[in-house]
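There are structures below to look over.
In what comes next, subunit A is part of two complexes: it sits with subunit B in the first one and with subunit C in the second one.
This part shows the complex of A and B:
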């Protein structure tokens, strides 16, 4: 709760500081706010918060872990995007403000206890992103992405609201725990409840970008600036997945037989369609969008498992995925790949060994090659799902094979010896971001496994 | 632990220091790790099981941190650490020796191999198994033939298919066991059907890497397009990971399924023996010829391993060592021919023995070692393996024994066409000192193992006894 307030105030202050048109001041304030929020969340419960009686938001241990991750990713994104935001000094404050407000939504989405707060969180998360996606006003693709994301997103929200209304009608409560009690007791209007659950499932699948609600993904990722893509692919996905887990593995647990079939279908298709779609792409962000669909498929495995360690698996998977995605998008910014072509990566890794190293470990981590964090994430997710969902596990392994082929092609391209391009040098901020991402990819699995 | 740390440290050092140091670092690092392995050997008691690192702390998902070796593992560690200096030595006068990326990649490769041979935990085994793929891939990509992307992808995807199947098997075993530690995995009791499925997962990984007959299609092209050191690493060490995996991991862990899986695999091995040899006889490209010869040799070893008894495994371990040494010699000879004449085609070579008598002599020695003449290590190894296969089934035995005859045909043919006959090449520079040294060391090692193979058999016997133990106790119950 305290962290949320700090982030919100930082965003607000940032808007006013933005009027001074001094980007570095904005960066400093934003970073300071995020770091304070990070530590407030880290030491949550070690001190008496003035908002202790506020029951609408609650952070359990897992919620704290996930919100730390969201704040951590935001810090990386703020740092990595500085060079991009600096270009337009008039609006630097606005960008950072929007990003922070969206992060507020993400944190609400992690800590909510009732449907009302959940809906608020989702909207606070989404609305700034609609704006940020269209931030390149002169760019047709950016405008297209913004419109597309806004309309489909609004539609999904409407469906979600309808689902929530049905849920309320069937159970008579907004509170997740109470709804669960009602479902356990069996005293509900069954058809309303089931339809409501289906609607909520659809809206969630839309938010995390899983098949069959994935069509917005590639266009929106391609149209937005790298930095917004990184935010959508990491923070938004993370908080939506956590909320998804809270709903389906917590509240709707007893009705698992009902929704597992639909989820099965979504996971299986996401695993395959994502990577297969990515094979033919020539735009880098589009490729990442497709590969993120498949990664979402992996992450959704967490909903199938009933074991206690499953949230830990999701967390470590998201660390690996998020660090790798941020590293790749930062690289794309660092080499000034404005046209977003994959071929721009040709040989950059061979000319500059640091870039090569980051490229190798982040792509291999996405491909799930040990001993990187991505491997442990996938391994533990599959391990949890193993005995009950054997066929889905086999499908996941097949899909990761296609993925490995995809990522390997990028590695080979980046490490090619034949390249006319000059040796790329990258700025200090990018070095820091890439270094932190590399540390996460190489070592973060130790946190969970040990 | 220092066994694993030394290659890592030298690999990183060679990346940091400028390129003109890398030759020195390569030599020193390889020697240091060889000496370390020898110290381990002196201290070792064949009856014991050495633990290099172990944590009582249980990690999440049943992971454990266990590293150690038994007598068999130590033999493989020694083999690795002996082959790496030879690879550096054979590259000593070439451009690659002064390339720091090359030196580092070989050291990382060594790290991965040593990890595979010392892993005592399923997931650690898998991690190192996958880890070896990366350095060899980069080695082949950067220093191999140009435009070999297609071959490389085929290689990578093939091996990855196998690895993922193995991962599935490990997950299946591990979810039934307390943890992934070797001892825990071994304690799992499986029904025969499940054991067969799990074994097939392992088998896919190993069969692709060995390679067994229908899974071999990646191999000849990959060998042909790799640089010499890459081919040496692949055939002398990487394939041995798979044979090691069969003996240490696949069979002891899923012995319940062995009675079903024995026949198909042995038959595949036997087919490989004849198939590889026949294709080798018709080959014109000398590197491809040796690649198919390797399929033939390894088919024999794989068939022998599936017999799952101590005698056959003693033959297998001698043959594993022997094949590593021979393949180094053969691929060095092939590379010398290619470097100095610009071609690998046998039809364009000829009469080199007159131009380069020393090369003629040492190549002949290697060829005869590959023919398993008496006093060479191959004689003992192949003899034991073929005898055991005869005892198993006479037709399999006869098929396996043809490898000796067919082997003589393709080996002598390749030697005759390249070294004798009318000279088709005007000049041929004779061996340099480092190439001579490599051939000399290899011949001495092969001779030494051939003369006192009983040391190795006795040395590994206790380890094999404990690995094959489960089945024999089971049999006693049935009797």
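This part shows the complex of A and C:
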């Protein structure tokens, strides 16, 4: 809770500092607040009890780990985007403020105990992002992405609320634990409950961006600024996946036979459509959006397993995926790829060996090549589901092959000898962000293995 | 199981049917209408269908918590409408139209 308050206050202060039009001061304050929040959360994880209950929010060990990840990713995104704000100093304060408010929503979404907090968290997460997507006011693409994200997002919210209302009608409670007790006792109105679960499942698939509700993803990712794309692809996805897990593997566990079929369908299609759609893209952010659809498919494997270790697998998978995504988008910002063409990456790795190294390890990690974090995440997620869901695991391996082809093509492009630009130089902060991402990709799996 | 208000127990289905019809009208409106202001109205209709459903269930169970939830939904719907309208104005400045079909720059 105190981390949440620190983040919220930092956002508020950031909005006021934004009026001074001093981007560096704004960046410093935002980073300071985020780092304080990070260590507060870390302190709670290690020195106080592993289970914190604030009546409306509670963080178990897994919740603390996931919220640490959300704050950490936000720090990297803010740092990596510092040069972006230099270019338009008018909106700097708005950017940082909205990003921090959205992060508050993400942390609430990780720690909710009842549907009140869940709904509020989801809205606090979504509403600032509707604005952030469209923050380049003169840009036609940005406006279009904002419109598309707003209408599909509001539609999904309405569907989710209808599901929640039916869930309340079936069980008579908003508290997740009470709902679970009622479901276990069997005294519920079964038709309301089942329809409600389907509505909630649909809304969640929308929020994490899985097929059949993925259509908004590529458009919105392409239209929004890189820094917002990175936030949506990592922090939003992470918190929505964790809430998804708590709903379906916690509360609705007894009804697994009912929803597993629909989830099967969603995972299988996500795995295939994501990578196959990515093959024909020429815009970089669009390609990343399609690849993130497939990665969501892998992450959703966590819902199929009943073992306790599956959240650990999801965490390590998300570390690998998030670090690689942030590294790639930071690179795209650093080489000033304004038109968002993949061809802008041609030869950058050859001109600057550090960029080449980052490009290779982040793409190999996304492709799932050992011994990088992405491999261990995918491997343990699939192993958790292995005996019961054999066909889905085989499908995941096939889709991995398609993905490997996609990512290897990018590596070849990045390391080719002829280059678009003469020299590639990137800023000091970019080096720091890329270094941290590289450390995460190379070494984060050690945390879980030890 | 929660205690159920006996005078209300038989008629709850009618409220559910009414709310469902309103919700479906709103959802169809979002799917088939092209004017974005009408889209916003349709989304409001869906949210209000949910409000009706929650209030009905709240009376059914004789508990007040769903009515508090309704207030939350009203507040969030107001925030969402504000953001939606301001995004719409921004899009109007770029496009000089409120027709959702004109947004075709992002595809593939």
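In this text, the second predicted complex is superposed on the first by the 440 of 450 C-alpha atoms of A that agree within 3 Å, B and C clash if a C-alpha of one lies under 4 Å from a C-alpha of the other, contacts with A are read in each partner's own complex, and residues count from 1 in each chain.
Criterion: contacts are C-beta pairs under 8 Å (C-beta built on N, C-alpha and C of every residue); 3 or more make two chains touch, one makes a residue touch a chain.
Predicted model, so just to flag it, every value in this text is computed and none were measured.
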So, after the overlay on subunit A, do subunit B and subunit C clash or fit? They fit
Request  = Please work out whether A:332 is in contact with subunit B alone, subunit C alone, both, or neither, and reply first, second, both or neither.
outcome  = neither
So, does A:415 touch the first partner subunit B, the second partner subunit C, both, or neither? first
- Message: For A:309, using the defined touch cut-off, is the partner it touches subunit B, subunit C, both, or neither? Pick first, second, both or neither.
- Response: first
- [ ] Quick one: classify A:67 as touching subunit B (first), subunit C (second), both or neither.
- [x] neither
* Which of the two partners, first being subunit B and second being subunit C, lies in contact with A:144: first, second, both, or neither? -> second
In the superposed arrangement, does A:223 touch subunit B (first), subunit C (second), both or neither? second
The answer to whether subunit B or subunit C touches more of subunit A is C
With subunit A at the vertex, the Cα centres of subunit B and subunit C span an angle in degrees (to nearest 10) of 140
Applying the document's definition of touch, where does A:157 land relative to subunit B and subunit C: first, second, both, or neither? second
After fitting on chain A, the minimum C-alpha spacing between subunit B and subunit C in angstrom comes out at 25
Going through subunit A, the residues touched by subunit B and also by subunit C turn out to be none
Subunit A residues touching subunit B in their complex are 309, 312-313, 353, 360, 364, 369-371, 375, 379-380, 382-383, 386-387, 393-394, 397-398, 400-401, 404-405, 408-409, 412, 415, 417, 448-450
So, in the complex, the side of subunit B touching subunit A is made of residues 15, 57, 59-61, 63, 123, 126-127, 130-131, 133-134, 138, 141-142, 149, 152-153, 156-157, 160-161, 164-165, 167-168, 171-172, 174-175
Seen from subunit A, its contact residues with subunit C in the complex are 115-116, 119-120, 123, 127, 130-131, 134, 137-138, 140-141, 143-148, 150-151, 154-155, 157-159, 161-162, 164-166, 168-169, 172-174, 182, 185, 187, 192, 218-219, 222-223, 280-281, 283, 286
Within their complex, subunit C touches subunit A through residues 1-2, 12, 16, 19, 23, 26-27, 30, 36, 39, 43, 46-47, 49-50, 53-54, 57, 60-61, 63, 65-66, 68-69, 72-73, 76, 79-80, 83-84, 86-88, 90-91, 93-95, 100, 103, 105-108
